[in-house]
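Before I ask anything, let me first share the structure, which is written out below as structure tokens.
By letter and in written order, the chains are A, B, C and D; residue numbering begins at 1 in each of them.
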Amino acid sequence: MSFLKDSKAKTKKVIFFGDSITQAGAQPGGYISLMKSMLSQQGITDYDLIGAGIGGNKVYDLYLRMPEDVLAQSPDIVVIWVGVNDVWHKSSYGTGTDPDKFEKFYQAIIDKLKAKNIKIILSTPAAIGEKTDFSNQQDGDMNEYSNIIRRIASKNNLALVDLRKAFLDYNLKNNPVNKDRGILTTDRVHLNASGNQLVADEMWRIIKNL
Amino acid sequence: MSFLKDSKAKTKKVIFFGDSITQAGAQPGGYISLMKSMLSQQGITDYDLIGAGIGGNKVYDLYLRMPEDVLAQSPDIVVIWVGVNDVWHKSSYGTGTDPDKFEKFYQAIIDKLKAKNIKIILSTPAAIGEKTDFSNQQDGDMNEYSNIIRRIASKNNLALVDLRKAFLDYNLKNNPVNKDRGILTTDRVHLNASGNQLVADEMWRIIKNL
Amino acid sequence: MSFLKDSKAKTKKVIFFGDSITQAGAQPGGYISLMKSMLSQQGITDYDLIGAGIGGNKVYDLYLRMPEDVLAQSPDIVVIWVGVNDVWHKSSYGTGTDPDKFEKFYQAIIDKLKAKNIKIILSTPAAIGEKTDFSNQQDGDMNEYSNIIRRIASKNNLALVDLRKAFLDYNLKNNPVNKDRGILTTDRVHLNASGNQLVADEMWRIIKNL
Amino acid sequence: MSFLKDSKAKTKKVIFFGDSITQAGAQPGGYISLMKSMLSQQGITDYDLIGAGIGGNKVYDLYLRMPEDVLAQSPDIVVIWVGVNDVWHKSSYGTGTDPDKFEKFYQAIIDKLKAKNIKIILSTPAAIGEKTDFSNQQDGDMNEYSNIIRRIASKNNLALVDLRKAFLDYNLKNNPVNKDRGILTTDRVHLNASGNQLVADEMWRIIKNL
């Protein structure tokens, strides 16, 4: 019985907490689904991967729905991936998030997870546009908010999946004509097959070593 | 001695929780200072009026600084007056507050105050521009966010100081040439002497009956 | 022969110059198509109604495409109907039109038409949202830009189709529950059957008397 | 007589056509004033340098005031330097300029100057923030609108002062701690002494060879 308990009870529940990109990530072909397939093929059975993405979410939407969507599920690990809408909604609705408020709510989420001894992985927002000469409209903010997340990760001594950097590096190699979409995204933001695979690879590399 | 105790010990601590308008309200000539003078002149000594306004604050700024600036002070009554920046920052920074998020954070503030048995008074945002034909740029949102606050007050059975209505009524009588400032505000938003007096009167009328 | 010439040569070419609402107005069921049917039923044959609407157009888009789309066609009358995107694009793209620039380009269009002795009819932008308590987000600007157009009409002694007023009056009678769409629009902006009929009626009333 | 003609009659009138940066450029210490001093020190007397900058101007403001402020003065050379407000006003007022409209009005200005055989020099917008890792909020648009201007210069075979590139190159050498102001600007946008000198040098290098 203790043997059974040992071999069974160690399943690690991982919640992917984010926006529409993560919502799509739980669909067939999405990055969470790809990770599940990878684990299954490798015979790794002790991870339970759960998508908790909602379209349009900004950092304070995550904060507001933490109790039900994260804490109530008692996860072992939470991967936070947010920021695109905090930046994008500035120009599309006038309701983006100030950088200092972005940091405060991000830290408040971390504090609540830490208080429950939940392991935390941060991710930088990948892209709003894939042009590599930093001429995508939101590149300034995307770089700045990624800097903020890197600083939060460092300050809190947390693991970071630097998707902003990974996407740029990939595009520098694979986007020679400076297209704004179609390399890792379908529409400048949401992931195509290559994008989902890249995110699955980058995230799993960090999750497995946590 | 018990008489003295009765008459003295019941000092009610009132915190005015808001943005730059409330920050100025605690200065000489501001609406909180005027209320203090009125009370003093009327020999009313059992109220302690405290300003807790910070310039630029939106509803979630109030939420974030509640623990230190409100709860830690154990007030009897909190007057919440917020909304101008939630609307205004849409066009001036791209970081205004979505209506549904405005309501959620407003309710979250109320829930925390209720949990401590603190009495709550809500106020609608008065003005960004004093023109009376609803041609001030933000009038649509100002009316909508005021509707939201009225709905929150009703749903939570809370007292409301409807400054949006009070300012419009006053301007309909006293602003015949449809000026955008100078009647109750200096700059379309912040209060002049008449504005401070009007707010002091409107607020005290509700506070004293709470 | 001269009789025939007299009775035939007087066809008046009317160009409807505007945005997506006018682009749809030239489609079956649209306000221009309805006006054509009305004229046909009444045996009025001396008007040639031409749609020149392009989706997303702001006042300076009209200005830029005047030479080809208006002047090159030598119209007798031009009905200008613009303003919704000048207001709307402020929050949806950050590229709306400043009020003073709106007035300058509007006047520049009028000056070019006047120089060709083309008769001009102005229209106010009807609606971005049909709520009647001025709580539609853009109501402040919609009222202000309508005021600007009314002032331009007055200053230039031009006929005005005040659709902003007509839509509000209609909604005050027919929108008792303060809905934001579905009375005269499908989506807060673009016209449903009732909206197209109202615009056709209001415009024809002015055109026939010009 | 031909000697006199050569030495005297050839004074070249140069108009610097732009926004607040150029308005300040005509003040003592400004880049136009510095250029005048340089020319005077070098004994170059056949240039008349004239500032025509107005604060807040976007590309279509330049277009609208061309007749009076440029064409009426019959310049030999016009240096166009615009773009900062076309980008900046997106977030500060919601009234920035769409990229395609920016290009159309820019080309319309060029066409009018070409029709008068006036020589034209274009400049890219230098900076809204001096951080060198492209994390200034408007960097994406600043790079994109600079690309547009470079394309216009190339298409029209016009001289270009690439201040965007010059400022970045200078900052990469002289801004090791990634400050957002104080290297070439006082406030992220307007020029300090070093900035005025850099612009004077860069512009004169192109003007003298035109």
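The criterion applied here is as follows: contacts are C-beta pairs under 8 Å (C-beta built on N, C-alpha and C of every residue); 3 or more make two chains touch, one makes a residue touch a chain.
Bear in mind the structure is a predicted one, so any value in this text is a computation, not a measurement.
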item: Pair joined by more contacting C-beta pairs (B-D or A-B); value: A-B
item: Most distant chain from subunit C by Cα centroid; value: A
item: Angle, in degrees to the nearest 5, of the Cα rotation that carries subunit C onto subunit D; value: 180
item: Subunit A and subunit B: spacing of chain centres that average the CA atoms, whole Å; value: 39
item: Distance between the centres, which are taken as Cα means, of subunit D and subunit B, whole angstrom; value: 47
item: Touching two or more other chains - residue numbers and ranges from subunit A; value: 90-91, 93-94
item: For the subunit A and subunit D complex, residues of the former touching the latter; value: 90-91, 94, 129, 133-144, 147
item: Residues of subunit D touching subunit C in the complex; value: 60-61, 64, 89-91, 93-98, 101, 104-105, 108
item: Complex contacts: residues of subunit B adjacent to subunit D; value: 90-94
